[in-house]
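When the chains are written out, they are named A, B and C in that same order, and each has its own residue count from 1.
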């Protein structure tokens, strides 16, 4: 069993591969000053790039957790979520309200994929 | 490696099988107007049915996350949780407070099982 | 496929082994009256002990979820988090705000490790 870790910061790895799965960190937008749709587009773009680095892609995501700091943001986030996955290969998912590390962040998404 | 997805909606699959695991979505009650015990009974019933569809059962749940919109609801939820599993084959678990998609929902449970 | 469960309470197992992974419960401090740094030290100590019981260790943690009841506690928690892992073998991680089972608890950490 080998574990591969990608894109470490001082507190986490953005992606970790082990035993046929890829675990991504909770991903937030690089620019926290834009709206929830723009932030979600940024987040799913980062997720695509990290999954590619691990040799997998969004069609193999098995589980997703989504946090929004106001549950009313869920509807707008879902618009971009659906644009992204096109209704195909949908993961198991939970989306709940939680305050995030920076009060300007409007969405955080953490996924697990198979590879 | 093959991934099987069950019961898709427009945003998620209720269950996903991959690499010896079954990932369920965060499950909520079909009727959000009843109390937390009734909602929990509905949720664990749906979980049983989804696990059966994936060829596994509650004795193989490895991890559970539970969200309640008021942490004081945890005690009542736990009464039904214990009725359900009978103290046997207990998963690793975390239960925290979070607002859910519909303000009337009183519990959401997301589990991962082996198969 | 065999599942091993460790340290059961009436509602959860503190650790569950299955298919090359170890799933830990959300771990909280034994003494909820101390500060967030002391609570975090207690929690990571318990995590080390549980992982050892399962034949693995912190260098194999693949994913971590952290909840703090006030997101402002994240900075102090992170000080101990970094002391603990020394910037090595960092897991994918998400840390969000959520009220915990006891209002005095200042941190809860749930990890998944490979073995």
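Assume contacts are C-beta pairs under 8 Å (C-beta built on N, C-alpha and C of every residue); 3 or more make two chains touch, one makes a residue touch a chain.
As the structure is a computational prediction, the values presented were derived from the model and not from experiment.
Annotation: the chain A:chain C pair of sequence copies touches via predominantly different residues, less than half of the used numbers being shared. For the two copies, chain B and chain C, the CA superposition rotation is 120 degrees, given to the nearest 5. Averaging C-alpha coordinates per chain places the centre of chain A 21 Å away from that of chain C.
Multi-chain contact residues, meaning those touching two or more other chains, occur in chain B at positions 19, 21, 98, 112.
Put simply, chain C touches chain A in their complex at residues 19-21, 60, 62-64, 71, 74, 78, 81-82, 87, 89-98, 112, 114-115.
Those residues of chain C that touch chain B in the complex are listed here as 1, 3, 5, 8-16, 18-19, 21, 23-26, 65, 67, 98-101, 108, 110, 112.
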